[in-house]
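Both of the next two complexes hold chain A, though its partner changes from chain B to chain C.
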Partner chain A sequence: MNGGLTGMKKRKQSMKGKFKRKDWQFATLTSLLIATLVTFLCWAILKEPPGEDLTAEALAPLFVQSGVTSPVTAILLNFRGYDTLLEVMVLFLAGLGIWSQATVDPTNPLVFSSPATHPTKPNFHGPGPELILATLVRILIPLMVLVAGYLTWAGGFQAGGAFQGGALLGGAGILLILAEPQRISTIPPALIRFGIVLGPAIFLLVGVSCFGYGGNFLQYPQPGAGSWLLLIEFGAAISIGITLTTLFVGGRPDPKRLKGTDQP
Partner chain B sequence: MILILFDFVLIITLPLLGWAVLATEDIFKAVVLFVSFGLLMSLAWVRLNAPDVALAEAAIGAGVTGALFLSALNKLERSVKHERRINRDEEKEAINEREI
Partner chain C sequence: MTITTGYIISALLLFGIGMNGLMTCSHQLRKILAVNLMASGVFLILIVTGFGTDGSAIDHVPHAMVLTGIVISVSTTALALTLACRIQQRLNRSADETAEGNDDD
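Then we have the complex of A and B:
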């Protein structure tokens, strides 16, 4: 075992030495490849005549049918709803992966909960949040949640939408955890799980229930498609926000520590 | 006129910042450069008449991703000031060799 390891190590080192000697060849090859790619891209862009039949004006009648007036949201959630569903699922899976890979100490979520590597490492701010940060957070968080809700709702007729609102919500969550890391231990993990699942579940349920209205998957019933889209958007925004915060925390709250430290 | 000037500044600054993100050895510095790259990129999206993408870029590309990187850096215990990634890796390799 030991001999095998050493052999591997030696082979790795010799490969490393080789790589260093051939560094300039590697660099030349890479830059040649990139130059070729850029040339082809420029050629493709210059060759393609500007499309005239796909302007926003020509598509305006379609956007009216979609239930929302913002062309971006109409395409994202109605015409290309399947793509957006997959995007939401990708984020969901990322959150699921991180949630199942690692645990964090809920009383101190900014470090991993493995006691071997971090015996007594304090968080950024010592025992409690600093006064200025705590006050700022108290004022800022409700405002951020409000603006996130507005952005999500505004996606129907102007710039905004689920991803933007969700990102703002995630920013609010990250700020909250940075300011008061112990706060996460007061949130029941079941609620976090529910919040992560909510958006994808609503999206899927709406997509499937379209069969009931005689449509295809994600083919919303024609009058009132707007309210379906709004429902999907709010669910997705909440889930995106919570998932992004979970990604930042980097793991699920450790249940053992959660029981032991109800009162930090 | 002033907008065209602004565009030129963006066109020059973005590739330079991108290069700096890739070339810098200090990971903390790279994260900070990445965040500033994201902010400038969102300005570029605004100039391209894509406010939706600009909002997402500023919030996710610059804000949340930067915070994620910093949190990962903190958990990897590499956020010590003036610490270079390459030095750190070589140090670890030396330790590994001694152990073997």
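Then we have the complex of A and C:
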């Protein structure tokens, strides 16, 4: 038994010496295979003649029906609304996955609550953000929220839409967390949860309520499809913004610590 | 050899570099970056196919798909990064424990 173990150890050590060469061989083999794959893909894509796709002229009458004049928004929310619903759900699931993995200290949201791995916590607690940063944030955040609202609304007739607006909202949230983490900790977690669920819930409700108008799922009633789309877009933008911010934080606020901070 | 051909070849090269990194790099952060690089390559191909050669109208469907893909890519990256952080935490903790055990001996 003992002899067998030492034998295995010896074999492992001798393997370690060979690993260097095997790594090199492996790297060469993979890069050769990938080069072949890329060449093949190049040939396959370039061989494909520019197909007789549905061009803008063929789609033009459909765009008029869609309720919005921006073609990308019409495709995203009307023609391929199902895709976008699933996309919003994927973002929601990613947020859910992150919240189920880790808790963060709500007063110090950039640090995982496990103290063992962070012996030297960066100190965000200080006497509050510096004057310039605080003033900048105070000016920038409302402006960012305003522009996010405009972008979301503008998605109906030009470049823009829920995702652009949501990304800007997410950026505003991340800036706020970096600058004033203590202010974030005063937001009740229930409100954050409500905000995350709002977009997918509105999307689903609108989709289901289309049955009431005699259409299929996500087949909006013909006159006034635009207002339905706007409703979905604003809900989705708010949810995307809040979800992106929570993705950045990397965990759910620890309720125990929240209670602790409420007491003093 | 049009501009579109050049775009497609460089996008595929980006995809290949990402795939190579995914297979040969062992560090998790590098793997996540490699997957992102692959995704960028695919997005570029989609954008180019919607571009419309010789002045024909722009096809908006691939562009909408890219917009969807970017959001999915951000979601998966965030989830992967959190998982990598958790793995690193566990590894650090077990390393600390073994170090403490050795000190006791």
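Everything that follows uses one rule, which is that the second predicted complex is superposed on the first by the 230 of 264 C-alpha atoms of A that agree within 3 Å, B and C clash if a C-alpha of one lies under 4 Å from a C-alpha of the other, contacts with A are read in each partner's own complex, and residues count from 1 in each chain.
Criterion: a contact is a pair of C-beta atoms (placed from the backbone, for glycine too) under 8 Å apart; a residue touches a chain by one contact, two chains touch by 3 or more.
Owing to the predicted nature of the structure, the values given are computational and were not obtained by experimental measurement.
Undergrad: Tell me which partner A:Ala237 touches in the superposition: chain B (first), chain C (second), both or neither.
TA: neither
Undergrad: Looking at chain A, does chain B or chain C touch a larger number of its residues?
TA: Ranking chain B and chain C by residues of chain A touched puts C first.
Undergrad: Going by the contact rule set out at the top, does A:Ala225 touch chain B (first), chain C (second), both, or neither?
TA: In the superposed model, A:Ala225 contacts neither chain B nor chain C.
Undergrad: Per the contact definition in the header, classify A:Thr84: touching chain B only (first), chain C only (second), both, or neither.
TA: The second partner, chain C, only.
Undergrad: Tell me which partner A:Gly160 touches in the superposition: chain B (first), chain C (second), both or neither.
TA: The first partner, chain B, only.
Undergrad: I'd like to know which partner A:Val72 touches here: chain B for first, chain C for second, both or neither.
TA: So A:Val72 meets both chain B and chain C here.
Undergrad: After superposition on the shared chain, which partner residues are touched by A:Leu247: those of chain B (first), chain C (second), both, or neither?
TA: Both partners, chain B and chain C.
Undergrad: When the two structures are overlaid on chain A, which partner does A:Leu168 contact: first (chain B), second (chain C), both, or neither?
TA: Only chain B; A:Leu168 stays clear of chain C.
Undergrad: With the two complexes superposed on chain A, say which partner A:Gln101 touches: chain B (first), chain C (second), both, or neither.
TA: Only chain C is touched by A:Gln101; chain B is not.
Undergrad: Following superposition on chain A, which residues of chain A contact chain B and also contact chain C?
TA: After superposing on chain A, chain A residues 72, 112, 161, 163, 244, 247-248, 250 contact both chain B and chain C.
Undergrad: Under the stated contact criterion, what part of chain C meets chain A in this complex?
TA: Chain C reaches chain A through residues 5, 8-9, 12-13, 15-16, 19-20, 23-24, 45, 53, 56-61, 63-65, 67-68, 70-72, 74-76, 78-79, 81-83, 85-86, 88-89, 92-93, 96.
Undergrad: Would you pull the chain A residues touching chain C in the complex into a rising list?
TA: Touching chain C from chain A are residues 26-27, 30-31, 34-35, 37-38, 41-42, 45-46, 50, 53-57, 59, 71-72, 75-76, 80, 83-84, 87, 90-91, 93-95, 97-98, 101-102, 112, 114, 116-117, 161, 163, 240, 244, 247-248, 250-251.
Undergrad: Enumerate the contact residues on chain A facing chain B in the complex.
TA: Touching chain B from chain A are residues 2, 5-6, 9, 72, 110-112, 151, 159-161, 163-164, 167-168, 170-171, 174, 244, 247-250.
Undergrad: In the complex, go through chain B and note every residue touching chain A.
TA: 51-52, 54-56, 59-60, 63-64, 67-68, 71-72, 74-75, 96-97, 100
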